[in-house]
Every structure is written in structure tokens, then in C-alpha cells.
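This is the structure I have questions about; it appears just below.
Chain IDs A, B, C, D, E, F, G and H follow the sequence of writing; residue 1 opens each chain.
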Amino acid sequence: MRVTLNGEAHDLREGITVSDLLAELGLVQRRIAVELNRAILPREDYPQRALRDGDVVEIVHFIGGG
Amino acid sequence: MSEADIFELAGKPYRSRLIVGTGKYRDFSQTAAAIEKSGAEIVTVAVRRVNITDPGKENLLDFLDLSRITILPNTAGCYTASEAIRTARLARDAGIGALVKLEVIGDEKTLFPDVPATIEAARVLVEEGFLVLPYVNDDPVTCKRLEDIGCAAVMPLAAPIGSGLGIRNPYNIRIIVEQSRVPVIVDAGVGTASDVTQAMELGCDAVLLNTAIAGAKDPLLMAEAMRLGVEAGRKAFLAGRIPRKLYATASSPLDGVLQ
Amino acid sequence: MSEADIFELAGKPYRSRLIVGTGKYRDFSQTAAAIEKSGAEIVTVAVRRVNITDPGKENLLDFLDLSRITILPNTAGCYTASEAIRTARLARDAGIGALVKLEVIGDEKTLFPDVPATIEAARVLVEEGFLVLPYVNDDPVTCKRLEDIGCAAVMPLAAPIGSGLGIRNPYNIRIIVEQSRVPVIVDAGVGTASDVTQAMELGCDAVLLNTAIAGAKDPLLMAEAMRLGVEAGRKAFLAGRIPRKLYATASSPLDGVLQ
Amino acid sequence: MSEADIFELAGKPYRSRLIVGTGKYRDFSQTAAAIEKSGAEIVTVAVRRVNITDPGKENLLDFLDLSRITILPNTAGCYTASEAIRTARLARDAGIGALVKLEVIGDEKTLFPDVPATIEAARVLVEEGFLVLPYVNDDPVTCKRLEDIGCAAVMPLAAPIGSGLGIRNPYNIRIIVEQSRVPVIVDAGVGTASDVTQAMELGCDAVLLNTAIAGAKDPLLMAEAMRLGVEAGRKAFLAGRIPRKLYATASSPLDGVLQ
Amino acid sequence: MSEADIFELAGKPYRSRLIVGTGKYRDFSQTAAAIEKSGAEIVTVAVRRVNITDPGKENLLDFLDLSRITILPNTAGCYTASEAIRTARLARDAGIGALVKLEVIGDEKTLFPDVPATIEAARVLVEEGFLVLPYVNDDPVTCKRLEDIGCAAVMPLAAPIGSGLGIRNPYNIRIIVEQSRVPVIVDAGVGTASDVTQAMELGCDAVLLNTAIAGAKDPLLMAEAMRLGVEAGRKAFLAGRIPRKLYATASSPLDGVLQ
Amino acid sequence: MRVTLNGEAHDLREGITVSDLLAELGLVQRRIAVELNRAILPREDYPQRALRDGDVVEIVHFIGGG
Amino acid sequence: MRVTLNGEAHDLREGITVSDLLAELGLVQRRIAVELNRAILPREDYPQRALRDGDVVEIVHFIGGG
Amino acid sequence: MRVTLNGEAHDLREGITVSDLLAELGLVQRRIAVELNRAILPREDYPQRALRDGDVVEIVHFIGGG
């Protein structure tokens, strides 16, 4: 299954949820936000929302800026 | 006095009138040290994609005492209202509050704002409940418009971001201060301590800067200088300066001079 | 840093780089309070005839902690070298040391110095062992001459005494700073905190002022502002400011911006 | 040189780079005399209702040599895009051409423009075939936008209309000059001849002013001063000034000095 | 007006208020052309040893129309009163009159004057019947002293010779203009046309410059610019400029605006 | 017949044309423009266009301005 | 005996010393300086130096100045 | 005979006058001034004044300056 993660295509196993993904990326404890197909994905949906082929996911965090 | 002199922004009281950015530092520990020296209680951050291939262990926010510091996410790098709105929504969803430094850039050489797009984005974000602090040029009319829309403050630029030119047009800043009922925060272009002192003497409520500290030869020392400069200017503004005169007035009395 | 950053004048170390006058205050207690708020360790006074018919009970010096504060008598009101020399001798004889702020006024409207007479008086007083701090205009050549004569510092004016115009010619002050091997103290003309901040950023060693504090609506608050302004400028000078540029440089990185 | 140095605006060549207004004069003959002394070939006028009860005999245009002078109607007093568009259409219908000085005022105290409304009106008027010269603040981004829309020039303000403050922010004007491919005309805020000289030295193509001449004690003499000031600044810009240096360079050689 | 507006110096009337130097030109013909374009009627020259081994055929004075132009020899390069006096005497003996631009330099980096030596030399030369035009810094007291000694004018510097920084301290120049009963000529430091325009607007009687023309990319064009700039500033000064205001005043009337 | 002329009500005789009106006002030779009910009225229509009750007319000219 | 004190003539009793004078003026403890006939009078001379007719005495102290 | 001319030693023939010298240097028509042993030498003395061994002569003219 191909999913676009932060602008790049990634092959992910079927049925992986956003929570799973964040866990694999080691971002669980991080202050981040997730956008799925151009809409904010509420935190409470992370566990149940399984990614589908063609999904476009953006995961952002805070970095130094002025 | 300073006990009494509270800076209230978006309903929250602050003792410090210096807001600092977190960009361009050597590392996170230097960032944290500079913030601490600056005395800032509000700190700007940028919203960016996580690096998927290497999310990294260290994270900026881990270095900041969030019990004491208010995080102000910016929409830096956005060139349209929709990009800025999208960035602001993500920032809020990350759970550090509804404050946002709204930047809609109009040109990459000057990094001056796109005025109509900034107004449009501000309108949408205010309706969505954001506490909007718009970066804008030193135009009294646009500042008034943003205030009327419901922005929590207006943030006119002193000079181009990172230019270090200081307050290019004190007249406009003065007019904006006189007309505004929300806080006026000078944002961008400051180069050294006397620039922030002057901004506060003009009656601004606060100053926001980043490069002037991060780019100094000794950032921690400059952070201290900026903290002191803001306090000096604020107190001078409240103290009421002497009028300017072309000619002199003696400070020592003439009576009793030896003949 | 401030621990390390000592201001040495005439062989004596000071922590404060702000020298204040004692003229034009409401009363001696206000004078003392303003000095305390300013953090000044050196204070100027004038030499005048005692009022014979009513010597009065109160005396300025009784209000100053002479264990902590260095008294700097001035020769204000003198229009010739001999008057200034005579006044300096009397001041020293009163037993508060050999320091003297040498003023030989050339014109009562501007209160600008009489350059040849100032040089002449400085030469005599240095020979007599005085530690001479000459008030002079912002002329590099005259400052060099006074340094060569053996003055303990040079004190170029920022603007006419009491005018509050600030540093009228930063270029000359900068040149004087670059050429001098004795301390450079900006004396006279300062109006508000950003003026002293700027003076220190130019590399001056200290600032001397009176009217800017005594004449402010709230002198004690302005005294604090001046103390902070001097510290801010000094630290900014030592920290090394960013260069000025006509165009902008982003403070937030561009990588990772949402597409 | 001045032979060669033509100012082309909206496809028409002019020798003069000074555009003058016709407001605030004692009477029409003084207006005409001032225009003549100024050497202006383009003159602004306002569009107003005829006084029905007393249309009057005299008319401004009767005093102007329309064979030599281009009339530039303004939309002064308009606070919305639609008012400005309506006024421009009436002006064109009166048969003095398609040029219009577009003003959409945003605030009556500063008379600064309403940026979004100015952009909107410019778009409509350009589509309708007007040769649009927009009055705008010194914002490079807005100036670029107006150029892209198809305006015949951009006219950033030097300072508030009638304020006489001169070029408050030479940096922005300089940036606008560097980025523009249409003529840049400094409009409003000029006070005296050196202001227009400076504007031209910054590389502006022309200057538009009214109050600085009409409000001078001797308007005809000031009109001449402005004409000369514009020429001086233009030639200085083309001649290429010497660089600025902190220190001196002798203009007389040192060889052959007497020993 | 310009018919009536005569500049009288040392008892002789001039139409031009621009005095130019003859140093740093490519060759004598360029010098002569620049002088002609500048409209100057007074021209400074330096006094130097003839090159004995090769006296050369060409001579500067052969290129100047001495029936129209007044030669003003300077004492450039002199660092003591006696050198300057000696140079002045030789200049007068060469038979081009009693005018002398007195320069006694105090420092080779700034080329600022040695004030006491300048006063001393002025006193001697005035007694010997010279018409002394002293180059001096912008110090009102020294200017007054030189006027009282009997100098034919005072020539305060705008900035260091050849620096092109323009009028660093308009306040001092203004004070000197207000106090002086002899002509005030701004000498040295001018960089471009707006600098001379400003000098004349401050009320100066004339401007003396050299490098600003000779060092320009196109000296002849800059010479014209300087001529125009002086005339513009003089007329603006006589015309009486409008006052400066922080806020705006409309130049188009409000009555009759469309509703 | 009541017509609004430059913001004020005026009683005009029935059938008066714009040309007639301009003539009566002595504006024939003037450089003016006419707006009728918020739209520009072309010069060529002045002779035939008769004013009607309730018409809103604006007649403008050029005056001194900056 | 007439002595000029700080610019004004005063009648003083014969033989009064500078110390006596300062005492009478209540200036003993004050930080002052004394000039006698245009020359500084050293502190140690105050007790023995008796004023003479025509002496010109200046007594100065410090006041507020800049 | 050695004479110092504008700072440099020159050997000149005995009895040469200032006029002779100026003629030889081609400076007769020039606007110049002559200083002899630190004093201005009046023009009228040029013909008769013969230079002597050890004389210090300065001959100056005007050049471009500011």
C-alpha cells in the first residue's frame, strides 16, 4: 500500500493505523499534529483510523523559528 | 513600578515585554540559554514537517520550560492565506494553544507581508477562535483593519526581517501606537539594544526579535542587552522624557559663581 | 560578564558606567533617591559661594554616602581658564579629592566649550596634579590634544547641555572612541534612555548626564531607565551586533514547509 | 544630457520630472504662475460637483495651456474602490484622457491608502483601459502587485499628504526603485527642495507634490526651487556620487608641500 | 529673484553660491570644464613647490578665465599656524589677491582643523590684511571667535574632507547661521546634490566642495547637479518651507465630493 | 417634476433635456461630465435624453487638487 | 574693620580669625574651602590667620550641579 | 656654489640672480612666488638679488587643490 508521507511515497503494510505509524516513527510522546488528505486528523482518531492506499499524510512538529 | 507594569496579551499577563524567536541558534541548549537570559515569557516557533527518515531524538520543546513559557507558533514561509491558515490549524492541533503569529509573505527578497492575504487569513483565523498576532508592515490603515477584525495585537515591522536596520520609520510606529486599542508589538528588523529601547520609548507594548540575538557574536550577552534595553525604554516612556531644544540650559545654577 | 566588566577611571575601578549630576532636583532627598536609582558611583557637584547671611542647615553632601560615591566637582559657569583653575583649586582644597570636571564655557546660548581655554586650563591643572575630566565638543583633534596633555578621560558632548537632542553626530563620537587611549565619556545633551544606549553601543566607556533625569516627569523612574539603558548599550557593544542589510533574511528555515 | 534624459509615462515623453497639484492656491492665476515656474508638464486636478446654484464664470482648466500640459485627474476623497472607479469614469468622460491618479483613502487622519481597495480599483480601471497611477504607501510588495496588474507607474508616498516630513523611509523607496519596471513616482509628504533632490538621487523617475509649493510663504519661488531640486537630484543620480567614508581623504595633493 | 540675490564675500558680489576646488581631476581641461558647468565664480587652489627638474609646460591657472573667476588659495597640508601663515604670504605674493582659505590641519586621519592654531593664524593673517576664510569644525564658539577676529566668513565643515557624509550635524550649522554676521560657507564633507540643497536650506550663504564633483563617475554632470542643488536650496530657503506635521492635510478640497 | 441635481432636489419643467439643462446652467462649453442615475451619460445623448421625474443627475468638473 | 565676604562688604571685629568667622557662620563641620585675597588659605592656617581690614574672603561649598 | 632649491641641493654658477634662475627654469611668465631664506622675496628684487652659497630658495606656484 502506497501512502504519501510528508511529501514522499512510502510503502506501508495494509491496515496500519495512524497510532501504529506514529509509534513506529517514535513520535508518540512528541508534540505533533497530523493532517490526513488536507484535513486535520483529531488526536482521538489516531487509534482507529487505518491508512488507505493513496492517503496523503502530513506530520508536523515545532522547530526553531522567528 | 515594574511590579505594577504588566503587559497583557490575549488576556494573559506577562512581566516581560520582549518576545524572542528560536531560529538560527547553534543548538537547542544555546537557544534555551538565550531565552533565559532574555527573560522572555513568550517564544516563537515554526511549524515544519517531521523528518520521516530520521525523526531525531532531540526536540526543541523539550528544552523549554512550558510551565513558564508561552509558545507562539508562526506561519513563516507561507505565501498565501490558505497556507497560513492550514499551518495555524496544525499548530493549534499540536496542543499548545490558540495563539498564532500570522505571517503571509508577499516577496522573498524583503519578506514583507502580503497585506490583502494577511487581512483575509486574519479574518478566517479570528472566526475560528485563534488569538491572532499578525506580522504586518508599518501601515496605520492596515493595522487598524487588523484590529477591527479582532486580532489580539498588531505587529508592525521595524525593518525587513533580519536586516538589523532598526526602526526605519518611527513616525508610522508612533501613529500606530496612538491609534491602537490592542497591544502594538514591533516585530522584525531590530539590530541592537538601542533599537528596542527606541521602540519602547515610542510607546510600543512589546518587541519581537530573533536574528538580533541569535546572530550576535555573543548571543547570550546580546539576549541580556535586549532584556535591559526593553526595560530601559519602557521605563523611559513611562517616566516622561524632557523636551528637545535647539539651545542649551545650564544644569548648574549661576548664583554664587565666583566673581 | 558585568562582574568582569569594570570601568576604570583615574586609576579607580567602578561597576557603574553612568555618571549623574545633582542639579535641578526638587530637594536633596529627591537628588539622593535619583542617584540611588541610577546606580551611579560618581556624582558631579558645583562649587559656589556659601550664602553668608543664611548658610542654611542642609547641605547636599550630607545626603550622599561618600563611602560609596565619588564626588566630581565641576567648574560650571566659568568662562575663562583662570576662573576654572581657581574653582578647581577651591574644590580640591575642600577635601574631596583631585578629580575635576573641567568646563570652560565659550558661549551662554549653546554652553559649548571654549576650546583653547579648555586646553590651557587642562594643561595647568594636570601639572598641579588634578585628575582632569574635560567637557569638550565632539572634535577628535581637541580630544586627542587633551589626552596628550594628560587628562584622565575626554568628555565630548552629545548635544548642547540640557537640550535633550541625543547624539547629534555619532560619526565624530565613533572616531573619538577609535582614537582614544583614555576613557571616552559622553557628556551633555542626552535626552532619554535610547540616547545612552546608543552612546554605549558606539563604544563609549561611560555617560554623564543630569537634566535628562532631573527634568523628567518622574525623575526616579528615569534614573532607573538610564541605569538600564547604559547596561543594555554596554552589553550590546560587547556582544557584537549583527550587520545591517538592505534586504531580509528569514529567521525560520525553509526546509519542511508544507507543500 | 537633459536633452537625452526623457521621462516616459504611459507611452508619452516628458522633459520635466516634477508633477504638481493645483490645490490650495490663492487663485487660479497664482496656480497657473506656480505651474509655469515649476516647469511641470503634468498637473493633477480633482473631480467635484459643479455648484448648480452658482456655476461660476472662472474655471481652472481655462488657466492651463492644455496644448502643453497633461491633466492628471485624481480620485482624492474616495474611501472605497467603487467611489474611486466612479470618479475615474467621470473624469475620463470629461474628455481629458485616460490617465488617472488612483487614490483610495483608508483613514482620514493619515490619508494613507486602503491597500486592498486600491489594488481592487486598479484591477478594474486597468481592465477598462485607464492609465492608472496609484497612490500607495512605501510597500514594495503592494507596489509590485500594482505593477503586475498593469498600472502605468507606482506612486509610493514619502510621508503623510501635506505633512512636509520628506522621505521617511528611503530604504523602502530604494527597494521599490530596484524592483520596479514601471516608473516610480514619489507622491505626497515632500516638504522642501532637498526632499525632492533626495527622492531623485534614490533613483525615482519623478516626484508629485502640491502642498509644499502651494503652502510655502512664496509659492512661485518654491515652485522654482522644486524644479531645480528635481533636476539636481536627477543629474546627481545619473552622475554617480562618491562613496561615503568615515574618515577623510585630502583633496589637495601632499607632494610639494613646503618643508 | 536670482537677479536680486547677490552673495557678497569680502566686499565683492557674486551670483554663484557654489565654490569649487580644483584637485583630483583627470587633467586641467576636465577641471576647467567642471568649473564651467558648476557655474562657480570662486575656485580654490593649493600652493606647492614648482618641480625644478621639470617645471612643465602646462599650468592650472592658464586654464581658468581669471577675468571671471576669483582664485582662492588654500593652506592645505599645513599642520601649524606658522606653516599656514608662510603659505598664505607666498600665495598673496604670487599676485592673485589677499583672499586665503585658511586650513590648519590637526590630524591626518580626519583632517579636522587644529582649533587654537587656526585662531592664532587667523589673527596674524587678518592683521596683515588678508581676507581670511577659515576652514573650521562645526563649533559655534570657534566660529564666533573667528568672526570677532575679523575673518571675512566662517567655513564650518559638514563632515570630514572627502568623506561624502553630508551635513552630519545640521543643528550646529543652524546655530552658526543664526549667530553669524559674516557669511557662513559649508566646507568639506558634501557627497551629493541633496547635501548642498540642505546646506542652503539651513540658511548657509554658500557651499565649498571638491571631491564630490571630481570624484563622481561623471564629474561634469555632477558639477551641473551641484549648481542646481545650491540654487534649489537657496530658493527654498528664501521661499519659506511649510511646517512639518505628524499627520496629513488633504490637498484636494472635500466639498463637492460625489455621494 | 423633481430631479435630484448634485445631491439637491430641483423642480424642472417637463421634457427638459440634459442639453437644455446644461445650457441653462451655462455649462455648455465647460469640460464636464454627466452621470444619470449612477451611470455615465455619453455626450451624444445629451440632446435627446429628456429628464424624468425622480432622475438623479450628477454634473462634475475639474477643480484644484493634489 | 571692613572685609569683603563672598563679594559683599561686612564689618568684622578686629582680630577675628578665619576659624572664628567660620564658627560664627556655623560652617565648622562643613566641607568648604576658603580663598583669601585670591589665594587658597590652607586649613591649618584658619586658627592663626586673623583677618585684616580690606581682606577679600571667599568661602565656597558644594551644591547641586551637572 | 650650492643652493637649496625647493628642498634639494643644486650647483649654480656664481652670481646668478633670481631672475636668471627663473628664466633658466622657464618660469618667467608663470604666476609664482619666491621665498629666500624663509622670507618672501619681492618681485622687484629678482633682477638684482644674486644668489649666494648656502641660500635656501623656495619657488611655489598654484596647483589643483580643494
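Quick note on the criterion: contacts are C-beta pairs under 8 Å (C-beta built on N, C-alpha and C of every residue); 3 or more make two chains touch, one makes a residue touch a chain.
Source: prediction; values computed, not measured.
Common neighbours of subunit A and subunit F under the contact definition above are absent.
Shared contact partners of subunit B and subunit E, listed by label: C, D.
In summary, the interface at D-H recurs among the listed pairs A-B, C-G or B-G; the equivalent pair, sharing over half of its contacts by residue number, is B-G.
Computed from the mean C-alpha positions, the centre of subunit D lies at a distance of 33 Å from the centre of subunit F. One finds 47 Å separating the Cα centroids of subunit C and subunit D. Averaged C-alpha coordinates give centres for subunit B and subunit D that are 35 Å from one another. Shown for subunit E are the residues that touch two or more other chains, namely 21, 23-24, 46-51, 74, 76, 86, 90, 109-110, 112, 161, 165, 171, 175, 210-211, 246-247, 250-253, 256, 258.
Within subunit A, contacts with two or more other chains are made by residues 6-7, 58, 60, 63-66. Counting only pairs that meet the touch rule, the chains in contact are A-B, A-C, B-C, B-D, B-E, B-G, C-D, C-E, C-G, D-E, D-F, D-H, E-F, E-H. Subunit D makes touch with subunit H in their complex at residues 250-253, 256, 258-259. Partner subunit D is touched in their complex by these residues of subunit E: 1, 21, 23-24, 46-51, 74, 76-78, 83, 86-87, 90, 109-112, 160-165, 191-194, 197-198, 201, 210-212, 214-219, 221-222, 224-229, 231-236, 238-258.
Subunit C contributes residues 171, 174-175, 246-247 to its touches with subunit D in the complex. Residues 6-7, 58, 60, 63-66 of subunit A touch subunit C in their complex.
Within the complex formed with subunit B, the residues of subunit D that make contact are 106-107, 109-110, 112-116, 119, 137, 139-142, 144-145, 159, 165, 168-169, 171-172, 175, 179.
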